[in-house]
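In what follows, chain A forms one complex with chain B and a second complex with chain C.
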Partner chain A sequence: MVETLTKSRFGIGTNAPRPDGTAKVSGEFSFSSDLWAENMLWGATLRSPHPHARIISIDTSAALGLSGVEAVITAKDVPGQLTYGLISADQPVFADSVVRYMGEPVAAVAADHPETCRRALDLIEVVYEALPVLSDPEGALDPTVAAIHPDGNLIRHQRIVSGDPDVTGDVVVEDTYVIGMQDQAFLGTESALALPDSDGAGVVMHVATQWLHEDQKQIAACLGLAPERVRLQLGGVGGAFGAREDISLQVHTALLALATRRPIKMQYGRHESFFGHVHRHPATVWMRHHADTSGVIQKIEARFLFDGGAYASTSSAVLINGVTHAQGPYKCDNAVVDGYAVRTNNPPCGAMRGFGVVQACFAHESQMDKIAQALHLDPVEVRLRNAMQQGDRLITGQVIESVAPVQRLIEETRQIPLPPEASPHPDPLSLPGGSGLASEARHVRRGIGWGVSIKNIMYSEGFDDYATARCTLKDGKASLKFATSEVGQGFVTIAQQIARTVLGVDDVDLEAIDTDIGSAGSTSASRQTWMSGGAVDGACRLVRERLFQIVGQQHNVDPLRLVIEEDEIVDPLGAFRVSVREATRDLVITEEFEHHHRPTEDLDENGQGNCHVAFAFVAHRAVVDVDPELGLVKVVQIATTQDVGRALNPLSVLGQIEGGIAQGLGLAVMEEIIVKDGRVLNPSFTDYLLPTTLDAPEVVARLVEEPDPQAPLGAKGVGEPPCISVTPAIVAAIRDAIGRDIPRCPVRPQDICL
Partner chain B sequence: MPIYTPTSVREATEIFAENPEAMLLAGGTDFMVEVNFNHRKPSSVINLARVNELKSWHLDTQTSVIRIGATVPFSQFESSEFEQLSPALSHAARTVGSPQIRNTASIGGNLGTCSPAGDSLPVLFALDAQIEIASLQGTRSLSIHDFMLGPKRNALSVGEIVAAITIPVASGFQDYAKVGVRNAMVISIASACFALQDNQCRIALGSVGPTIIRCNEAEKFLQDYITQSSPPDLETIREFSRLAAVAAQPIDDHRSTATYRRHAIEVLARRLAMRSFSL
Partner chain C sequence: MSNEHYSLHINGTDHQVQDAWIGESLLYVLRERLGLPGAKGACEQGECGSCTVYLDGQPVCSCLVMAASVTECQIATVEGLRPDGGLTDVQESFLSEGAVQCGFCTPGLVMAVHHLLDTNPSPTELEVKEAISGNICRCTGYGRIFAAVEAVVVQRGNR
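Right after this comes the complex of A and B.
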């Protein structure tokens, strides 16, 4: 399937520079928050201060009376569908009769200045009657607890029964693991600019999103417009990590633009952003592993409880990812797994890098260490003995057709040299607690931990998340058109590299990323290199085929004999050779291609079915220094080997690895949205802590490049795996250092020392 | 909104007297955060950036007193010259925020905000710092113990400006340590300054009470051992740190728990005391 592609300058396999790189580092890149239009108004959102309340009345008259205010809108001003949602449309554009989470939008205003907006919001009078708050996800499973939403409190239940459920093992280990609520914490907060059409019956939107066409569909439905009357352009995106899969301010901005017939800009600050997007699901995972005396897994039992918060978002898909990855990258014939995603009055949760697998992985990796401990085995050994291989069957019955070099990943990671022993006179900043200067070398103990993971890539359960791309070749220059959201991951670079290699050109223009072409699917699920990369590759190949035909005809060479070498068209069997530039003079060739992955299936009631497209694997080894008395941690080194299929841009891959590790480290030791009785207690970067440079470890990364035959370019997605098993690896290293069990992440100081 | 930019303390106090509703702006690292969150709505601002006499510190070698102008940013305390004179304040300064913050955040601003988590404050409490306060009426001097009244409450009256802070040059061991859940740029969840000043044992705690807490019992207990020729034994130091932890009045909040904070104080007190006796 994968032919060897010739390398042109900055083609596939090179560290081609990002087309947006210079602008981004010099501050000239235009993010969506930089958007501006003549005669523009500002929009702002009024949010519920209550996690659960009935709305008795809303009085907007005083706000409307404020000078500078041009519109105030509420639920009754939504002309189309009143609700939206990625999988089920259960979330109101504006709360109508009830608010179900703290921060739920109730109204929006448009005014001449953000400050006027703020004053107007203060003038909207909403009378609430507080309702009992359902904050305990276990409570949501209790049938006697009143439903907080017409769709009920259970979002989805999925059971997996595989093999013989009655098998038992010689060794049985179990625990209940808790994973906290993580925020994506992208740096560019939500923002959009909406420009109404002059006839007032359509809108053009510039928005930072992960999936233009899905936004378009949902916005159009709520506006009651045909999708083609809602045209979307990608605003400069400052990170996403899943938080831009759901609609946030899109419909509000568009409604205000249509109501005022003026351009509207909306932008969240950091505080509002914490309430404006979904978070990673907090989860409670009980697992029991049965193993034989050599540590080989006999059976897995598990129960997952994902807190979806007030609205469904992608909870049902997150749940499926969790339960179907319960076994981790290990063989297992027998399993009984139950998973629930439930509704509460907590903040809505949805997509975040790792999507359900992060929670599963924290549990199964903690369990692997428990098996090792019970049998006095090395944690590496127990993983090697169970490592999955290509051709193995998952607990869903699906056969792993992807390349699955799990053993090799573990072995290669083990070979990465450990960091030097802790120095007796270290730089104080390198100790646990860093700049707090609380620890000394003598207080520190070192630990080592492991984490290995499997992650599905692309969408699952029968979803055809195809991608579209168009390629035009003219005068030795290619240009590419696609609707693929560039959120910082570097697809724009990869796309250029593909075109350079396939077509033998140096210059590849990128056309505007908007809805004037077919969907590219979402920039999530580690899927764009595979899917949009496949579409760009397909379109470029179609163009090349036509070019060869034309050139063959002109020069009387069999087009089938032609290939691209560097920047020339060559007949390797004859003497014919012409430069691409020469050959394309006065020619314009355009082709469009849709890439579809192979179809997948739904799971049946026993959780059986080929529900996933493909899988990627990674191994992490963490070395941490812990101050056991104060419970402070410094992650010293992360060694990792990742199954990437093929590194189209090795530097870009490394960027994903280092960034993902920082994010996984955050979940391991500090990042948590703290929610009490439905209220978020730390919606700011003062108290929601992200790793700083003093927290970031040395990263030593190796890549395993075994091209995946299913992947259009042999390349697997690399975005999510780096952040998944690094979290359990770090927590395992902490346990190793202190010789104590910790069943939760993030690990707080008191979990270590009290 | 008028923004006044005086060039002398005198001028600043005059402007302040005429505009009692005005708010003082130093490095802005608390001020601007509050403005952005709409917690502070200034109608006029007195910007202290051009008042040169507030921008530097001086050592009086005769009295061995360091006089620090209110707008001296924390980065200045990081110099080795300053570290030798006051290791505790230097190390406390190093724990503040990030390089960007330390380049602008001032010690006077730390006093203006007067948060129990303010990192310079335990040091000022341990060293019995004097706060020089200027107003149109003249200058008065107040002990730090009388200056800080509660969480984010101080003894400044309308029209008063913190002009300077005076602390003694270190005459013995002193150090500061802080616990936060991140290795940099973090609000303290417990901190302590320990000093042996003029052969007096001093320990002050941050983030574990409505104000900074001086641990009198613990200080008295250890004092008996300080003048002796041999250092206190481990048991004594343990008792000292236990007494320090008893003095703490921590609470549960989203940053930590009272139990952990008290525990951390015990550990910090013990470690600092051990460092002081080179144990």
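Right after this comes the complex of A and C.
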């Protein structure tokens, strides 16, 4: 039940300011890369130049002999488990006998200066014998191709068969879509500071991560230590977007600290960062839609192939997200879907904002336009005719039990005014190509495209997912403790808002974010507002209950009649009223709460099962200008309406929407890690292009607030949906502008003009 | 590595740099030697603007400047924007308009926006975009940053 909460100052529903805001604008906020310790050494990693090779020998003696070098470590120095991984521990801490991707760690050094580290890395002699590179994901499915890993080349296969697989439609459209490898490109690169315990049998780590407790578990296993000997503190996080869910430099930093008995700071540069974390899975998706003559979908057939790269990471979850979202936000009774996640010698791929669903959405939205085209229907009309509603059954058999305002999202987006027509004499800076000043206004054509999506939020497939929080109320002040990673999304802000509203206080202190409390789970899958928000809300409510009991006893009022109004405890049926500050004088109440979401199930061999917790929906309309001569695109406007349940902090929600749209725009027209024969060709911000201010479109955003009764605060996660259907909307707008089929993203100049 | 001694004029104060390797960037020296970590490094290639400081009043990417080459310059960093401990109007506006998420780009952007508004007090929308296009923000999509700039222009009575 969602109750109406009173709006206290900067409580729920307000644009409360960020508690870390002043520190962030003034340069005083400590990111993990800003940390420093007395007597500290620098750590650095040696990486494989080969995508696939046998290691014949490693000679570290010259590096060890360099003045300033304190330690050089390799696989043989790992005291515990030799491998780690989020879902399966298949990735070596350091490559031992074989390297499986370009950039795989082989050794690490600790030295007095980053430059000494670089020189030491140069002095480590590794003799490799190159092996054939498996770079084609289709090849990974070929049983005659040798396995590149003891776990085999197939990471996971999942099939979904629903309804009648033999149904056909009056109209059949199909295509094969390609989605490129995107990088999360958070600005604050990987960094950590490890401080060894004085007895050398434990370590404290300050690290920028999405999930402290999962890191703790994996690091401790590799160090051969009990988890409590590895204590993690969240170092300031400069963005995440999925790339910090996997371990990167954590184990290496800790090993060097234990080996040297000195604090170690490790930080990747941008080039290394491209090799140091997983990316968005490139995918090839074949889809065939059957529709009747009015455009209503009769059946979907699809085949997904996700390239997981050398190690599994979250590939299996990405695969499940892909196949279970093949239908998009549309009704569909009959489906046959096959999906594969495979291992190759390409860079490992894992979580990135919208994982798996981004790839599915690009395909299903392109297909919706094909149905519309085949039947000469408006792209909006075909979407409205198929729009999913509450109570509909997914192709997995799961029923959408909660709010699903798909039609409303589309309708409201359609009502957003289009941008003014392009001016005949525009500022050249506003044309496609921007400051390159290459386009001429007379060549430029405008197009409009649509994208609509459904995204599962929180973890799926039977995972017992929970978040923990503790609340202490003392002298009219609350303090909160949780291990929730604040990565920029603003959880710290809404945690304070929740406490203010539930407890009627203004001051809410936030204690250090570390492993001294139970897990909060990962800051991913749009789950923290629901999960950690639910935990904070639960803890605050327990405190409030005890407070009401104490106050009731003291003043002879039935505690069940008490409520919080603004900053007072009030009996609405009587005259009793006391301020929270007054009531909590000399009182300390502490409560801890674990929020679990409802259980989910695994899928069976036909892909049937209630595998997801909840869903969020969004619609996007894109307007673009294209110069077909030069292949250049300018995204002019994105109109969007998002199903948010309830906006706990509308300004933060808008920030998530605009930020997600920029990332989706990047995938649509510019962002791609280019990999050839297992080699990354563009690992820098010079060659991997990110949207700048000049690429930013006008964004007109509306929110649909229909509180989700299953969500602790009525609020759905808002982080992922904005970046999902904006990509197909932009690509559809490009197709509309030039009248050409483009089955891939990002769209490159050659896709437009050659 | 050779040991160098030189001094830098930063935010109106002389700072001695001792035993430094001559190849160190200004960004490294500020952050790792002088305890001024406000400038951030995100690309070390002059592409992201996180490391923006002023050299004699001009914004530069401190990752591209050798520290030992700017001993004659007046260097200003984000730490020097608020000598009285308060926030500047640009900083206040970044907060009230929601322009800060992870905050990694923020110090560089604050420096870039101050410079823009000092040299062009009422920039057009395109002029704003052009002026700060060298500052990448991965979180916000820039909408709230534009709003923050506009709010300062209005507050300063220039629109």
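The criterion applied here is as follows: the second predicted complex is superposed on the first by the 754 of 754 C-alpha atoms of A that agree within 3 Å, B and C clash if a C-alpha of one lies under 4 Å from a C-alpha of the other, contacts with A are read in each partner's own complex, and residues count from 1 in each chain.
We adopt the following convention: contacts are C-beta pairs under 8 Å (C-beta built on N, C-alpha and C of every residue); 3 or more make two chains touch, one makes a residue touch a chain.
Since the structure is predicted, the reported quantities are computational estimates derived from the model, not experimental observations.
After overlaying the two complexes on the shared chain, residue contacts for A:T686 are found with chain B and with chain C alike. Counting residues of chain A touched by each partner, chain B versus chain C, the larger count belongs to C.
Of the two partner chains, neither chain B nor chain C is touched by A:S57. With both structures placed on the common chain, the touch criterion links A:G238 to chain C but leaves chain B unconnected. Of the two partner chains placed by superposition, A:S198 touches none, neither chain B nor chain C. When the shared chain is aligned, chain C comes close enough to touch A:Q489, but chain B does not. In the superposition on chain A, A:P432 makes contact with chain B only, not with chain C.
Legend: residue contacts after superposition of the two complexes on their common chain; A:S97 is shown touching neither chain B nor chain C. Legend: residue contacts after superposition of the two complexes on their common chain; A:G188 is shown touching chain C, with no touch to chain B. Of the two partner chains placed around the shared chain by superposition, neither chain B nor chain C is touched by A:N39.
The intersection of chain A residues touching chain B with those touching chain C, taken from the two complexes, comprises 269, 429, 435, 686, 691-694. Residue ranges of chain C in contact with chain A, taken from their complex: 1, 21, 23-24, 28, 31-32, 37-45, 47-48, 50, 77-79, 81-82, 87, 91, 94-98, 100-107, 110, 126, 128-130, 132-146. If you check the complex, the residues on chain B that touch chain A are 36-38, 91, 94-95, 98, 175-188, 191, 253-257, 259-260, 263-264, 267-268, 271, 275.
Those residues of chain A that touch chain B in the complex are listed here as 118, 269, 271, 429, 432-438, 440, 443, 629-632, 634, 669-670, 674, 676, 681-682, 686-687, 689, 691-695, 748-750, 753-754. Of all the residues in chain A, the ones that touch chain C in their complex are 15, 17-18, 20-31, 33-34, 36, 113-116, 185-189, 236-239, 241, 269-270, 427, 429-430, 435, 487-490, 651-652, 654-655, 657-663, 684-686, 690-694, 696, 699.
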